[in-house]
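In order of appearance the chains are A, B, C and D, and numbering begins at 1 in each one.
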Amino acid sequence: MTSNLLQGINVLEISEVWAGPFGCSLMGDLGADVIKVESYPRKSETRNAGDPRLDPRVAEGDGPIYERINTHHHGNRNKRNIALDIRTSEGREVLTRLIRWGDILVESFSAGTIDRLGYGWDTIKEINEKITMLSLAGWGQEGPYLGRIMFGVGFDAMAGHSLIRGYQDGTPEEIIPILHSDATVPLTWIVAVLGSLMERDRTGKGSYIDLAQIEDLAWQFPGIISDWKMNNRVAKPVANSDPSIVPHGCYQSAGEDSWINIVAENDSQWQNLAAMMDHSEWAEIGHSWSSIVGRIDSRDEIDSHINQFTKQYDAFDLADKLQAQGIIAAPVLSPPDPLMSPQLHDRNWFQIVDHPYIPERLLGGFLWKIEPDAPSWDKRAALVGENNDEILMQLGFSSDDIAQMRSKEIIGDAYDEATR
Amino acid sequence: MTQPLNGMCVVEIGDSIAGSACTKTFSDYGARVIKVEPFSGNKIRRMPPFKGDIPDINGGAYHLAFDTGKESIIVDYSSNSGLEVLDRLYQLSDLVIFDTTVEKTKKLRSMINGVKYPSTVSITPHGMSGPFQDRRENDMSILAWTTRMYRNSMENMSPLRNAPGSTLVQIGHTAAAVAVGIYWGHQHDQIRRDAEVAGVEAILGNVDTGFVSWIFTGNLPERIGGQLKTRYPTGIYPCKDGYVILSANEEPWFSRLCHAIGHPEILEDERFTKDRENNWHAFMEYLGPYLDQHDKNYIFTHLQEHGVMVAPVLNASDLLDDPQAKARKSFVKIDSAIGEHFLAGAPFHLNKMNDKSFKLESAPKLGEHTNTLLKELDYSKEEIIALFRAKIIG
Amino acid sequence: MTQPLDGLKVIEIGGTVSVSAAGKKFADFGADVIKIEPPQISEVRKIAPFPDDIFHIDKGAVHLAFDTSKRSIVVDHLTNSGKEIIQRLGSKANLIIMDIPAKEALDLINIFKDGDSLLTNIVTITPHGMTGPYKDRIENDLTLFGWSTRSHRHSITGREPLRYGPYAGVVQIGSTAAAVGMAAIWGSRSEGMSRLVDVAGVEALMGNVDSGFFLWAVNGALQPRSAGQSTGLYPMGAYKCKDGYMLFSAGRDPVYSRLCNAIGRPDLSTDKRFTDPVEKPKHFEAFKEILEEWLSTRTKYEAFDELQEKGVMCCPVLDASELENDRQSVHRKSYITRNQDGIGDITIAGPPFRMNGLHSDAWQSKPAPSFSQHTNEILEEYGYSKQETIALFRAGVTT
Amino acid sequence: MGNASLEGLKIIEMTEAWAGPVCASLMGDMGADVIKVESFPRHSLTRPTSPRYATMPGDGPVYERDALHHQGNRNKRNIAIDIRTESGNQILKKLLSDADVFIEGYAAGKIEKLGFGWKDVQKINPNITMISIAGWGLEGPYKKMVTLGAGLDATTGHLSLRGYPEGDFVDTHPNFHSDATGSSTIFFAALTALLQRQKSKTGTFIDLSQWEGLVWQFPTILAEWTMNQRIPERLGNDDPHIVPHGVYRTIDDDKWIVVAAEDDQQWEGLCKIIDRIEWSEISHKYSSIVGRIKGREEIDNAIESFTKQYEGFNAAEILQNNNVIASPVVTPPDVLLSSQLHDRSWHQTITHKWTGPVMVGGFLWDVEPDSLSWDIPTALVGQHNEEILIELGYDEKKISEFYTNGSIGNHYEN
């Protein structure tokens, strides 16, 4: 039994990839009842792998590829799943009942699409005036870019973030596309929908929430816009350095492609670091490096000294040593490295998930610990249509209705791999 | 006209009223005073009263009065980056006043060595050596060491302090004197000096304590409160509309008083010529009626005309209206962090009354001058922000 | 007009970037957010940029953006007198979010314990959580990011791993705390129970999507740290155009074919070199040449309009100077500029989401408070007499 | 030889009581050549001719044995002149002609009558700095008024702040705070003028009102009135915002101790000592200053029940060792019990013709490298007449002439 903070909240998800689905999983972690309406018969984008030989997102195994893909697994725990063709009248009837059932509807089609499907806000609130509808189109529901398509990597580029992420000597071609908005948008929209439910207590009505993913990125990077507006300066990539702090960087540690981050934010941290490096004199009054002023004037020299030092040690060991001296230091983890953290094991953070098609592995755990009712991974990422019958029964359909829908391919529990 | 101390630069590194009182006079007569403060602000900023009783780090009465015309810079000198800033400040200045713990003072003073450095004055409660050097005291507990609390009180009642703050002010004021002294010396013989003012000693070694009298006579001071009934009249006496203070127990003032109140016969009266210490009540039959009939300002004027040392007992509300204060502009209205505010004016006047040698300028906001000063000390914008980031300056 | 979170009281303790980011949404959507700041100024106020590069505790860009609509009170939470204030403020609050060292956090949690039950919801933010061997470690934005596997993954093999933009990591941690904090408030509204939530920065970043660990955990194979432009599923990444760069995500159909048509090379959509998954990686350079030639005659906005018209996933790569004037930002007022007393014009991002219409006032961003601006007001509100207020100030507990 | 900061400066002091004389001694302490021009034949206030409370028993003239005089007159030479006489007048002129500072303490206007107003002095020596220290200054309606420190204390409002809350003004002991602080003010004023002289190349006259020299030291008195229209009340030893903050009984009769805890940390230390550790625990109302200022009485009692078991010095020691502000309320004899003062060898033993060897209080400050020394004990009246007059170029014959015509002297009639 997972946390029940959100017990009694019904969440209806018609959403792809992560920004919508992952948030729904978080709500599920917190006790909400989440039903994911999955595209059918067309395979949902989230489950759409390339050639399994080349697509790194697909786990080994012999089950259907669309059940083995990481994108789906990472964003769909703790929900129930119904695969429904909402382009059919029967499908629409099911969806309509789901909308009556729901407190929250999460959709992340590009702007306008859901209206074209006949489920714009005006229709939705006719069906259920208490429901809150959340739309997650990247550029929002209005404006010149209406109808354009993009996802996380593009919003990152247009929010000005991409250009400050690179190496100081690098070119934009080198900048790795990232999905930061997919990680942060869910955190924002949970606040949004719960806020609207609180307002519903006063007004008796749900509300429509237009969340432009690019705007949710914008507020997170005040430095970018401010440096331009305040000082007419276009922020340049600072990579791992900080203009006001030395040392502040990423250094090589022993072993191939192994790294450690080290930061000394104040004199005492610097003093201890210098001592660790057998150069206490660097922190003695009289030596220019004993003051932050002297240090920021000798960034490169200091960094190269540190590199010489860190090269001799394993990143985890060295981080232990430095932290013991009160110095900010952490190994730079490659994907497998979390399993080496005694801390995460001590906190039982990893989760073992049993799934018919992917090998049993330790997966990453929850974003938070809660007392007294801790979150638990009650439902693994559902198979397509896994809960069709249960959900339809709950909505009042008879087993005959269900059998009919299945035969008319209005619902289903398998995709044709080939479909796009 | 320029002020007498123009061109002189004093650095104040302190955390009590004493240091602020010490550098105030320098500042008001034209010296540049740089006040080095911790992030929480110098303690003096937290001393009430505040306007409307609403605390304000820039609006405390002591701060407004004692930090006039100073510059405020926030530096955390607990680590090397801060010490490096201080080192540049030292070299900018002619005099450094320390008013903090002995431990800190020793550390900060140890950096000051050699010709390019200024002279220093260190203010501490018990001095920088000896078993009590690390004791923490406050305004009242220091006074207790000086025999004054004991002497200022009455038999069978608890000893009594002076007005809150006055002890620390006296200590700071003492430091100002030695400070200007060694500054003069430094200018003339190029000898850098470190002076030390121990609060207890500064007051105990001064006048108005019972110690020396006791050494000379072995008699403890009489703790008789306001009225000395053996050698009268001296002390505070009630009159028609308040109180006056008399010092007429000795000649020639006693005779003058008797004439002034119209009872010269007292001077022939054996009760007073032979046995005065036992006849206070008898004497009061002459003085009492006179005091009862007249108000304090009349008594003041009238007795003074006869050369009797007498003064009215005034309270806060009387001060601004006092004719002498008005005539001399003893109180000055200035603009301050809390708007229009009254402060006491010049303690002394050079050449002529109210010339420009003394100037009261408003007290600085906490950290108001950090930026400009650091620029002056040759720090780049980038370095300044780095120091701020590292919580060295604020 | 009431805002959605009217009536909620939220307390923020620690003054870090994380906790300030956590409190921001509550404040802008109507909650009464009290920012309890340490006497030695809050981290968030120390962060550049500052106007003209002159530091000022009330003018830091991050503070101005994240502390909007809050009230500031300065309390030393390490003293007992300070704890008493926090206890009085906190017991009236729906939620306390704190980002202070685990040891200190434990002390504060204890003053809200009533036997086994808690007097109010508390979310703690720490680098490694409240328990475990690393609980007392100190980290910052860079090192936390290193822990998350994202630094390593989102950088180039052989070269040093990279973090995201400064503070991206700690801001995300703050948002994580806000989300669960909101849920905790909802939880006690519906069944009156208060909860203790432990947000560990490392877990909040690593457990979220786009972290390399989950991917590795599922497929077991370690991916090379690819450069920005994917050489496998291209075009993916930034490509040079006339006046800057275009970001593409058009490696797979149907988008890939649309791109080929849009640049007038329908032939490429069936060209085995670029469609056969095994062949494709060998011909990256060839395709890049073709695409860049087409781009070289077009500005990024021209390419953006032209290609999106054909349903190609792409967009311009913008820098700071271009954000505000982007057509969409202008239309939606994604950035607002206002004049703030004593600071001048400041520009901050608008609402992260729009409730009840694009320009409803569900979101109202009032100016960020100056340091200790509301100390006296708040103390009075919570029943402290003038004498007590002065005593606290005098003792250095408040400022 | 002691401190040489003011070496080369010549100071002429013609003042009585304390403020002026002490200032001159402070200058002497720092190496200035200070000459006290003593009133003759009239003796000064601090030189009583018949024994009184501060007079040391013994032989020799009473006026050489009074503590009040000894307190303010070290490190200066003494010449006793009747400046009303022709030759006395001449001598003073000579003294002033090469002096740097002239401090006079007559009632306003008096010095002019004697022919030594600023106008005259300026003519004698344009480079000299002259300081007049009349109680209320040289100008204004009160200029003619005479007073001692106690009167200034009363008219600056200080008196209205001191005293027992429940008591009456008449219970409040007059004090001479203006004398204790005035000396430093005069000292500072003199040096300020000398520093100005370095630029202006000419002397200065300073009108120093001791009242003004005192009043700036009490900002609260004025501020309470101007900020909050309040007349501050007598607080005794309390502080409205700090608890504990008071004077408590010790085991000895009429011996007292000051105890104050200004913050939570000091409070915790105190609670340990007085065995009320629970009072500093977060659960207890007294753990916050807010609770403490409501519980002043209970807390004071608890503290006194502790201090009553100890002798004052010991209690202070114990409390201080736990970060608590504490000091014994020292009586004059207690001064000799302070291990601190002895460790710093602060007391000075001086030998004086009539008092004999006597241990008195030390200096107000110490200076490195050249520390202070008590080179000249309080001079007898006219002790240096000859020495000084010879420096001024008079010969033996002239000097004995001065004695016979009464323009100088070296003793007073009883």
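We adopt the following convention: a contact is a pair of C-beta atoms (placed from the backbone, for glycine too) under 8 Å apart; a residue touches a chain by one contact, two chains touch by 3 or more.
Fair warning: this is a prediction, and the values are worked out from it, not measured in the lab.
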item	value
Minimal step count in the chain contact network, chain A to chain B	1
Chains touching both chain B and chain D, listed by label	C
Selected interface, B-C versus A-C, where C-beta contact pairs are more numerous	A-C
Farthest chain (mean CA position) relative to chain A	D
Averaged-CA centre spacing for the pair chain C and chain A, given as whole angstrom	12
Chain A and chain D, separation of their C-alpha mean positions in angstrom	75
Separation of mean Cα positions, chain C and chain B [Å, integer]	53
Rounded Å distance between chain C and chain D, as computed from the means of their C-alpha atoms	64
Contacts with two or more other chains, residues of chain C listed in rising order	47-48, 50, 53, 387, 390, 394, 396
Overlap residues in chain A, where contacts from two or more other chains coincide	243-244, 265
In chain B, residues with contacts to at least two other chains	48, 50, 53, 382, 385, 388-389, 391
Pairs of chains found to touch, sorted by chain label	A-B, A-C, B-C, B-D, C-D
Chain B - residues contacting chain A, complex	79-81, 83-84, 111, 379, 382-383, 385-392
Touching residues on chain C, where the partner in the complex is chain B	39-41, 46-48, 50, 53-55, 57, 372, 375-376, 386-387, 389-390, 393-394, 396, 398-399
Parts of chain B lying in touch with chain C, wherever the complex brings them together	39-41, 43, 46-48, 50, 53-55, 57, 371, 381-382, 384-385, 388-389, 391, 394
Residues of chain C that touch chain D when the two form their complex	79-81, 83-85, 110-111, 384, 387-388, 390-392, 394-397
Footprint of chain B on chain A - complex, ascending	243-245, 265-268, 271, 283, 285, 290-294, 296-297
